[in-house]
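Chains: A, B, C and D, in written order; residue numbering restarts at 1 for each.
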Amino acid sequence: MPTTQELIAISPEIILALWALSVMFLDLLIAQSRKSILAYWSLLGLLLAGGAEFSLWGREEILFQGAFVQDNLSLFLDLVLLLATGLSLLMAKGYIKDLEMEHGEYYTLTLFATLGGMLMAGAGDLLIVFLGLEVLSLSLYVLSGFRRTEPMAQEASLKYFLLGAFASGFLLYGIALVFGSTGTTLLGGIAVAITEGGLLGDPLLLLGLGLLGVGLSFKVALVPFHMWTPDVYEGAPTPVAGYMSVVAKAAGFAAALRIFLSAFLQLAGDWTLLLSLLALLTMSGGNIIALAQSNMKRLLAYSSIAHAGYILLGVIALNSWGLSSVLFYLAAYGFMNLGAFAVIVALRDGEREYLALNDYAGLGSRHPLLALSMAIFMLSLAGVPPTAGFLAKFYIFGAAVQAGYGWLAILAVLNSVLAAFYYLRVIVIMYMREPAGQVAKMTHSPALALAIFLAVIGTVQLGLFPAAVVELAQASLFPFLGS
Amino acid sequence: MVPVANYLILSAVLFTIGVLGVLIRRNAIVIFMSIEIMLNAANLAFIALADAKGSLAGQVFVFFVLAVAAAEVAVGLAIIVAISRQQGTIDVDEINLLKW
Amino acid sequence: MEAFFWVVAIPATVSAVGVVMMRDTVYSALLLVVHLLAVAVLFVLLNAQLIAAVQVVVYAGAIMVLFLFVIMMLGLGRGEGVKEKLPLQRPVALLFGGAMAILLGVVMSQTTIQPVAGALTPGDVLAMGGNTQVVGRLLFSDYLLAFEVTSILLLVAIIGAVVLAKRRL
Amino acid sequence: MDFVRLVPGFPLLGVVLVALTGRFLGRRGTALVACGAVGLAFAVALGVTGALLQTPPESREVEVSLFTWAAVSDFQVDVSLLLDPLSAVMILVVSGVGFLIHVYSVGYMAQDPGFRRYFAYLNLFVFSMVILVLAGNFLLLYVGWELVGLCSYLLISFWYERKEAAKAGMKAFVTTRIGDFGFALGIFLIFATFHTLDYAEVFGSASQVLTTGLATAITLLLFLGAVGKSAQIPLYVWLPDAMEGPTPVSALIHAATMVTAGVYMVTRTHVLFELAPISMLVVAVIGAATAFYAATIATAQDDIKRVLAYSTISQLGYMFLAVGVGAYAAGIFHLTTHAFFKALMFLGAGSVMHALAGEQDIQKMGGLRWTMPLTSITFLAGWLAISGIPPFSGFFSKDEILASAFASGQILLWLVGVITAGITAFYMSRQVFLVFFGEPRYSQHTAIHAEHRSVPHESPWIMTIPLAILAVLAALGGFLGPVLEDFLGPVFAASEARQSLPPLNEAALIILSVAAAGLGIFIAWLGYIRRGVDPKLVAARLGLVYRLVRNKYYVDEVYHALLIRPVWQAASVLATAVDQAGIDGVVNALGSIMQSAGRGLRRVQTGFVRSYALIFLVGVLLVLAISTLR
């Protein structure tokens, strides 16, 4: 039986699970016309879970015989996940109503997906990583196809599912091999086994870790495991795409951090070459292809791929600076990227979405506030000071330099120079191009406005006054690397 | 005793067959079944390794994998059913609206 | 024992190849059942009786019935168009797949597995009440969290399946 | 001296007020808020400078930390403002000249529908520029650096309906980004070496920490940033195109302030540059070469603003020559006088264009001294200043630079400087003579078009008063020289003072440079007033040389032939769908390679799930191969 202490320590996850269930039951009681109550109800659940996270701050609890760890690292990541979920729900409320898919299951699945991500962030056992990943993935397969009769959504769902299951196969095979080498799937146990068994060069372990890495790379969309991303983002409902771009990525990186920090820290040196290569491919691939995009969602998909590449730099640096910058980057990325998606959601006339880049022409004069917000998000994504994106990039690149990967940082800076082209193109189109026909219409909704507002605040706040968040991020890594 | 390497090589072969099935076939259901072969190969490796290691953790893991596989099947088949109904095909090469 | 391994391994491989090769989906599904049963036998050889049973009952039984049901219901016997749009796919796939198999095979053929400290022999397990009892106990003690997460996973799957496949929500 | 924070504070407040409440303020209110913000900033700048003067010279360095911006492990960056004589001079120039240009803009932009947007950008620019010069560490410097670039880009393409304007903005942004890339790397390198970005700490330990090689690498990278921002060879191409922006913007950003950021930055980091003699030489040589090169181009331009643009590039070259030979105070002195007279001339040019309904071709002007007396008189002050005629300001500052170059032993660079002085006098005189003297050559049509008046008219007082003030400064600013050098002295105390020349030599140098200027003016007078020599004949006689100069040495064309066309062809092989036309500039070429690479790679995304799985498998093999086969 779990002890009371364990139940308290895992209360955020429990709250979220119960809340997801409660949404299902409420869904039965509420008339179709008033389904948006569920959105607020879900948000309340997120707030409660977030509050529980806060109250647990500073603890370091190892639960369920090592299967789960509730420490500052998982709490920080959980907060990022909860925040992103909240923003995406605010975006989704009106959207799913207008596009006639307002079912309670949307909220249930979103909450469950977040729960999956939180489990990955706190996993102490590869089994929990695997199960958390599956909870997250299955929910996302369904959410991508939530517009059930729309061929594009079905296609997105199918592609994501087939490739996701394919990747799971590799992940699982990798776990099997790691287990074969070390005899356990507990992360702490693996670390002990590596030291005591002298497994540093064990080919089975290396093979297993490689396959495990492949599985996670798929989730965070590193090139060449990224192919699903643009298609799925384009086909999925826009709030889901935004949600995926942040939550799936953050959860993937969370699991990667956990696994590398707790289990494979001793092998870290062997992976730099491979990770550097992946980071390079990912940054360059994402940015170069993004240059040629004319659909906003695809553009952001490739941009999110490129950002995964930047984040990888922090993982490669593998010092307290690098890893805390990964955490900071995820938070900053959550705000700016979800903000950009929220703008896409807002640019909608009932069912009709304006997704082409050219639809953004004339936005600057027609919807000045929306355009200004989009400009802020784009500048932040491009890394122009003084936004969150600039500081996040600065931290990550600085960490790479400090850890002796100057050449990688140079290539990353070059990449972000390149990336400025397509982000600025959006701004240029919004402000400097006359619309070909009618200017895109905008949907007004308080929830959506709140989402955009929060995202703007977050983007600016993390750019100007990042100290608090950086301190939290550093405190999260204390147990692993010392200060 | 059969050496554990035999089982591992068998599982590698099965895994590869599954991968090839995913790559070569166009029928979504067959692709899906190929993925099941991959999972099964991983399970085989797990059980073999658990036996060689003398640790039951591998068996427990496989138990959960079976549950996951069942869940995946439910969702996967639902997606395939929906597509088949709407678009009348489950040839993945025909399902190709999203690209570039 | 050695001979018995081959007696099972060869059908397992052949049926897997058959799943991939068969033009008719129904045959593929039936061969997959054969494959799963063969692997279940291997599980027994490897002292995993409970998993073997679950494999037969849940996997080969329930899951494959679901597959067959869907195939039959939707008439998906032949789900592939005639024209191959990607002519290079097959040779390239075989090339890389082969390379992967060789890579994995080479590593695995050289592997020797050291038992963990405190390794359990099948005899130990038997003494503790048998495979089913020991694994079952583990599920509800050390793996309690995983077990609960699995329940959520299955719930997600149910909701997902309903959302996607039900005609009217 | 804490209230130095108000210097950036007021313009920022201005941006917020104009952007948020401008709708309710109306034009008058917007103008008042925007000008008031910068005016107050100037007043504060005066105040802090006064306060600085009260303290003893050695301790004239105040760091005001606003808040901790970024901190990881042992590394911390504050948002801190550094007030010392150097930054004090800079904020005075930025806010002072900025204020005058704001006022002028009220008149110049009066009819423009984008009035409010214009002033929001302009205030944002002043804010960013102040941050740049007041920054107490490299990170904040970089922030200001990027922000001024952004403002410059926004303002160049202010009239985005004009295709050229939008294109010029893009060109400016992207070209300077190449420089910024070097700048960012330089900062990274500093950080990797020193583990801090604070000025005081970096400069304090530089001589112990840096080897010559490292110092050279860092400073060359920093200088690359300066080259981009201050439009030196080879990244100068964006500045002439930047003239597509409103003329007051050209005056403020592309003449008086932002383009001098490079000079400021090199001066600020002179401690590092002095550890790298090679970098110093590079700075000086690039500066001298640019000065000469841009001056020759300016002799054959007919666009009133382009002449001034090339002149700006040339004058910036002088400043780099100065800092390159270690005469930092002279460089800043010239920066200051240049801000006065070049802003003056740009505003004068704007006034002329205002009167002639936007006409920019100096061949179609002439005789304006009668119709626009105030504009002409003030413009003449600028002309004499830039030509280096005593006692106008440019004479003092230019002479100081040339003398320093001579004293440092760089006789060749000095000679280039003197010749350039002559050419400068020539092309400026040519412009003045063609615009303000001789017979009117503007068509009646143009004049009538200008608000239905048959004669070009003087601009309203709100435009002429700033002109008058700037004219006074341009005329008399030279006498500030000794004060300025004295004030700046402590900042450069560590560097060796220039070996003073014997008075006789000094006098000889002065006479030589004035003679060069006089000769230039004389030739222009011969050609364009007395018509003793027919410029067209000379042009024909010079033939090839003239055509080279006239066509800006065909740099754009060479870039096109060498870089763009081959790349273009390669690109079209890569991707069939290259449909854009009319791309110029080396940068756009780079962009287009990437674009076509993007278009090419995009095709990999076939939409076939099986191809995705195949690529996935290739990735798996890559990972497995690297992780096991080592």
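Note that a residue touches a chain if its C-beta (ideal position, glycine included) is under 8 Å from a C-beta of that chain, and two chains touch if they have at least 3 such contacts.
All figures in this text were calculated on a predicted structure; none of them were measured in a lab.
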Check your understanding: From chain A, how many touching-chain steps at minimum until you land on chain B?
Key -> 1
Point to revise | Chains touching both chain C and chain D, listed by label | key: A, B
Review point. Which pair, B-D or A-C, has more C-beta contacts?
Key: A-C
Point to revise | chain B and chain D, separation of their C-alpha mean positions in angstrom | key: 63
Check your understanding: At what distance in angstrom does the C-alpha mean of chain C lie from that of chain A?
Key -> 31
Check your understanding: With chain centres defined as C-alpha means, what is the inter-centre distance between chain A and chain D in Å?
Key -> 42
**Study point:** Interchain centroid distance [CA atoms averaged], chain B/chain C, Å
**Key:** 6
Review point. Which chain D residues reach two or more other chains?
Key: 602, 605, 607-611, 613-614, 617-618, 620, 624, 628
Check your understanding: What parts of chain C, by residue number, touch at least two of the other chains?
Key -> 85-86, 89, 93, 97, 100, 104, 107-108, 110-111, 113-116, 142-143, 146, 150, 153, 156-157, 160, 162-164
Revision key, fill the gap. Residues in chain A with touches to at least two other chains are numbered 127, 131, 134, 138, 141-142, 145, 148, 157-159, 162, 166, 170, 180, 183-184, 203, 207, 230-231
Revision key, fill the gap. Touching chain C in the complex, chain B uses residues 1-2, 4-10, 12-21, 23-30, 33-34, 36-37, 40, 43-44, 47-57, 59-60, 62-64, 66-75, 77-82, 84-85, 89-91, 93-94
**Study point:** chain A partner contacts - residues on chain C that touch it in the complex
**Key:** 104, 107-108, 110-111, 113-116, 141-146, 149-150, 152-153, 155-157, 159-160, 162-164, 169
Check your understanding: What does chain C use to touch chain B in their complex?
Key -> 1-2, 5, 9, 12-13, 16-17, 19-20, 22, 25, 28-29, 32, 35-36, 39, 42-43, 45-48, 50-51, 54-55, 58-59, 62-63, 66-67, 70-71, 74, 76, 78-81, 85-86, 89-90, 93-94, 97-98, 100-101, 104-105, 108-116, 119-121, 125, 131, 134-135, 138-139, 142-143, 146, 150, 153-154, 156-158, 160-165
Study note, to complete from the structure: chain D contacts chain A in the complex at 67-73, 75, 139, 142-143, 146-147, 150, 157, 160-161, 166, 170, 173-174, 177-178, 180-181, 184-185, 188-189, 191-192, 195, 591, 594-595, 597-599, 601-602, 605, 607, 609, 611-613, 615-616, 618-620, 622-624, 626-628, 630
Practice item. Over in the complex, which chain A residues touch chain B? Could you list them? Key: 127, 130-131, 134, 138, 141-142, 145, 148-149, 151-152, 154-159, 161-162, 165-166, 168-170, 172-173, 175-177, 179-180, 183-185, 230-231, 234-235, 298
